[in-house]
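Chain naming follows the written order as A, B, C and D, and within any one chain the residues start at number 1.
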Amino acid sequence: MPDRKPVFLVIGAGAGIGGHAAMRFAAGGYHAVLARRSDEESLGRLIDRIEADGGSATGTLLNAAEDGSIEELVERVERDIGPIEAALYNLGAQIGNRKLHDTPHRTFELGWRLGCFGVYRLAHAMFPAMVERAKSGNHGTLLVTSATSAVRGNAGQHSHAAAMGGRRMLCQTLNAEFGPQGIHVAHILVDGAVDAPDTLGKLLGDKFEAFKAAKGEQGVIDPAEIAETYWHLAQQPRNCWTHEVDIRPWTDVAWWNDNPNPEIDASGKGFAGPKGG
Amino acid sequence: MPDRKPVFLVIGAGAGIGGHAAMRFAAGGYHAVLARRSDEESLGRLIDRIEADGGSATGTLLNAAEDGSIEELVERVERDIGPIEAALYNLGAQIGNRKLHDTPHRTFELGWRLGCFGVYRLAHAMFPAMVERAKSGNHGTLLVTSATSAVRGNAGQHSHAAAMGGRRMLCQTLNAEFGPQGIHVAHILVDGAVDAPDTLGKLLGDKFEAFKAAKGEQGVIDPAEIAETYWHLAQQPRNCWTHEVDIRPWTDVAWWNDNPNPEIDASGKGFAGPKGG
Amino acid sequence: MPDRKPVFLVIGAGAGIGGHAAMRFAAGGYHAVLARRSDEESLGRLIDRIEADGGSATGTLLNAAEDGSIEELVERVERDIGPIEAALYNLGAQIGNRKLHDTPHRTFELGWRLGCFGVYRLAHAMFPAMVERAKSGNHGTLLVTSATSAVRGNAGQHSHAAAMGGRRMLCQTLNAEFGPQGIHVAHILVDGAVDAPDTLGKLLGDKFEAFKAAKGEQGVIDPAEIAETYWHLAQQPRNCWTHEVDIRPWTDVAWWNDNPNPEIDASGKGFAGPKGG
Amino acid sequence: MPDRKPVFLVIGAGAGIGGHAAMRFAAGGYHAVLARRSDEESLGRLIDRIEADGGSATGTLLNAAEDGSIEELVERVERDIGPIEAALYNLGAQIGNRKLHDTPHRTFELGWRLGCFGVYRLAHAMFPAMVERAKSGNHGTLLVTSATSAVRGNAGQHSHAAAMGGRRMLCQTLNAEFGPQGIHVAHILVDGAVDAPDTLGKLLGDKFEAFKAAKGEQGVIDPAEIAETYWHLAQQPRNCWTHEVDIRPWTDVAWWNDNPNPEIDASGKGFAGPKGG
């Protein structure tokens, strides 16, 4: 049996970030395993694309919220496909803005299952083999696509921010325990709209094209470029690892900023600093 | 029937922060409702103490992890005791340092239930009545005792940091939605050991006294003083609200610092800045 | 000669935060020393008010940007008035929003002198005596009124944010070295408009009243209430110190939030999180 | 006259990060301009190396603290060498740990001049031409090598942290104003020892080699790898820009963490979270 290629496992492989990351890593020599909850046709198209470009890939449906599903997938991949040297957890549970009382208990819990618990389960299942392989120099990588809800909680984001905030801290604890064992954990804050038909496209529906046009030239993040940064992170050698990265289009205001260049700051916040008063 | 006192509800009323907060608010005119998971004797002693000082209090056992328990308690208090004008969520799920593979799935989930989901459930149950009362000027208060795991993830803290990180973001989303509706949400980072027999005392066992002695003069936080800061937060008027506060003893290094006054920084980090090289 | 009262020194004592803090500490038994750059009449009115309420105060003009001025003031106060047990550095250099090329070198430097270098100079001059007195139990306090520019840099805030960002880190280094020596350093982020005629009032001119009206009921921070929180911080015992605090009116969006309750997030940011795409 | 290559300007081009960044950008087609305060021999060696590899470079001495020096250099480069399309500000003022009273006023000010004011001056001088060129699609880049002192202030770091904290906020304000005008501003937190003879090597003297050996395999950051990440940042297209990045070796504890894997957390901090007490 020929040598098995290293595997790049994508949990949440839609046509946006997940799919493009899979394509990039496949072009880089990995066998991409793409997992998503539904839409086998879309999965098939991604795999066809990768294979047409000379890469190799496998697709599978995965309900990440279901107990045992992530664990079974990791086991199956390691056994039947190849060693998971890099993985991308690309699921969140962004449902748009909902008031607290429009966020039922089961929604809040699902946000946690997909946004936080799933990362824990993936690491729990995947890291022992990664740690073993790291002993011979092959460091492992876990990339986690995240959002600004991981660092600040906006109104209407109760479920998502709780899940993302927990996830971010978990990425730090995983990094603290496993970095020194050879697993590179990186948390990527995507702070802007991504040209992704399966996520943003779905949420905005027929307003998607107009939205992108209104953003102007290069005003929406190209998922292929995010994939390039993901590739760079995975290639960083062990003595030069980045744990956290933010990404946004040049015209977007960073999450920490107020609106750009106000003539006069209506809230008075621009002038809240003391001046001897 | 005489006018009912406003209620101060404590979820997690042990002999440390929770109990002292209850005593302080009772002294300030609230009827304190103390809820804890077990140890009715201890609850009884706290209530006796409050009543001996001229205040009023009620105690109840509560398994916060159990579905419906928090909701039932809130309903019962509003119906039978009085309007909840302030509440303290004082539960975490700190279990000490455990490697990822010594943190079973059910432990990770319990951390979330106690540390994060419980806050969401309490707000969900409690806020509608608070918002109504706020319309006539009586603003409500939700205080959440938190830990440094809410802002940084140490090795061994997988469950706790994920829960606390989620909780912190949730406190921000709750503040964003409900601040303008008259509910003051405050998140308190306790960054140091608290002289609390039921939590730290239990974890350190017979090493507790020696530990406190080794900390030196006023080297451990007095929960009665935390209670004073909680009282101050609850008294802040609506035009002067604080959302986040940190607390530590004078001799403790803040969580963001390395060890104090190293002669030479062994990791070289003190010299990692560029100087033209 | 009768015992000298402990001194509360305010660098930047206008009619807003500085003046109200002076009034609060004077009411609490300190002799308030109010220093401001100009307007002796205003100083006089503040002192009259304090004395009318039974407290004691001294006023002095101070050009904090001038070399030696802060040092000379500290020396004079210790010698002629009393021991400085608490101080408030209440100067910033907020000049409103200016593009980089409308921010001349001397403006950028003045921002640093008033916003950052002055804090260093005050600590340098004041701490040795404070440390000595702390040995007998009288801990010292340094409060620093700050702004959101200390934690995030908006367009147009080049000078102010550079100064505030430096100040915030300096407050952390001062806290790290001097906390264990008995000096309580606290950094207060004022995240909202303050009803202060000398600062916000001056900047907004005749729009000030309309601005406050538009903010709605209790929509602007009352500096007397900030003074209460400053008083609370200064009273915290050594085993329960807070280093950082934020303050805003209930209706203001926290600096980390986007606008509240958008129906649809125009930038798409609300939907930037991954959902399997 | 042949077309001029785009220029990569390095302020602080020693043999570590600055020199390696210059080499990487030269290999990528830029003409590297290396500026450092002293040691023309070292500059000469770097230029020889770049030219031996087929690239082009110029070296110059620069006293960045001196008024007009940075401005004169930018003007000279634009006039005589080529358009500055990317720049790296690689100066800090790390002097090791000094108590406040071992940090004289002139030292504190020099830290600001080199660490913060210099960045402002470089942007002020360099951005107008960059903005012009960006209108035709050629976006500009400003990279700033920074340290953990930009995000937290350790004891002994008064001058350095004040300078770095100000610099970080300035990078955010520059990004806010100029990102939408086509200038990519990136702030890189180097959180670990760098194998740099001119900085860390100088500070540790004859202990340098032993220090690196003690760090273990790949325990010190290779500046050539930092240069790769700098190159990646500069190549990010306008719709996918990163503003902040951290870098450390796999075995180093991140600045936000306590020591790894303590059996029992001696300060009690690991157990400071509430558990119903």
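FYI, a residue touches a chain if its C-beta (ideal position, glycine included) is under 8 Å from a C-beta of that chain, and two chains touch if they have at least 3 such contacts.
These are the chains along with the protein names UniProt gives them: A, B, C, D = SDR family oxidoreductase.
Just so it is clear, the model here is predicted, and its values are computed rather than measured.
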B-C or B-D, whichever has more C-beta pairs in contact: B-D
Geometric centre distance via CA averages, chain B (SDR family oxidoreductase)-chain A (SDR family oxidoreductase), whole Å: 32
Distance from chain C (SDR family oxidoreductase) to chain B (SDR family oxidoreductase) - Cα centre to Cα centre, in angstrom: 28
Geometric centre distance via CA averages, chain D (SDR family oxidoreductase)-chain B (SDR family oxidoreductase), whole Å: 41
Residues of chain B (SDR family oxidoreductase) whose C-beta touches two or more other chains: 99, 149, 151-157, 164, 172, 175-177, 220, 253, 256-257, 260-261
Pairwise touch network: line, ring, star, complete, or other: complete
Residues of chain D (SDR family oxidoreductase) that touch chain C (SDR family oxidoreductase) when the two form their complex: 99-101, 105, 108-109, 112, 116-117, 120-121, 123-124, 127-128, 149-158, 161-178
Complex contact set, residues of chain C (SDR family oxidoreductase) against chain A (SDR family oxidoreductase): 12-19, 36-37, 90-94, 96-97, 99, 145-149, 151-157, 160, 164, 190-194, 196-200, 202-204, 211, 215, 220, 252-253, 255-258, 260-262, 265, 267-277
Chain B (SDR family oxidoreductase) residues within the chain C (SDR family oxidoreductase) interface of the complex: 139, 172, 175-177, 179-180, 182, 184, 218-222, 225-226, 228-229, 232, 236-251, 253-254, 256-257, 260-261
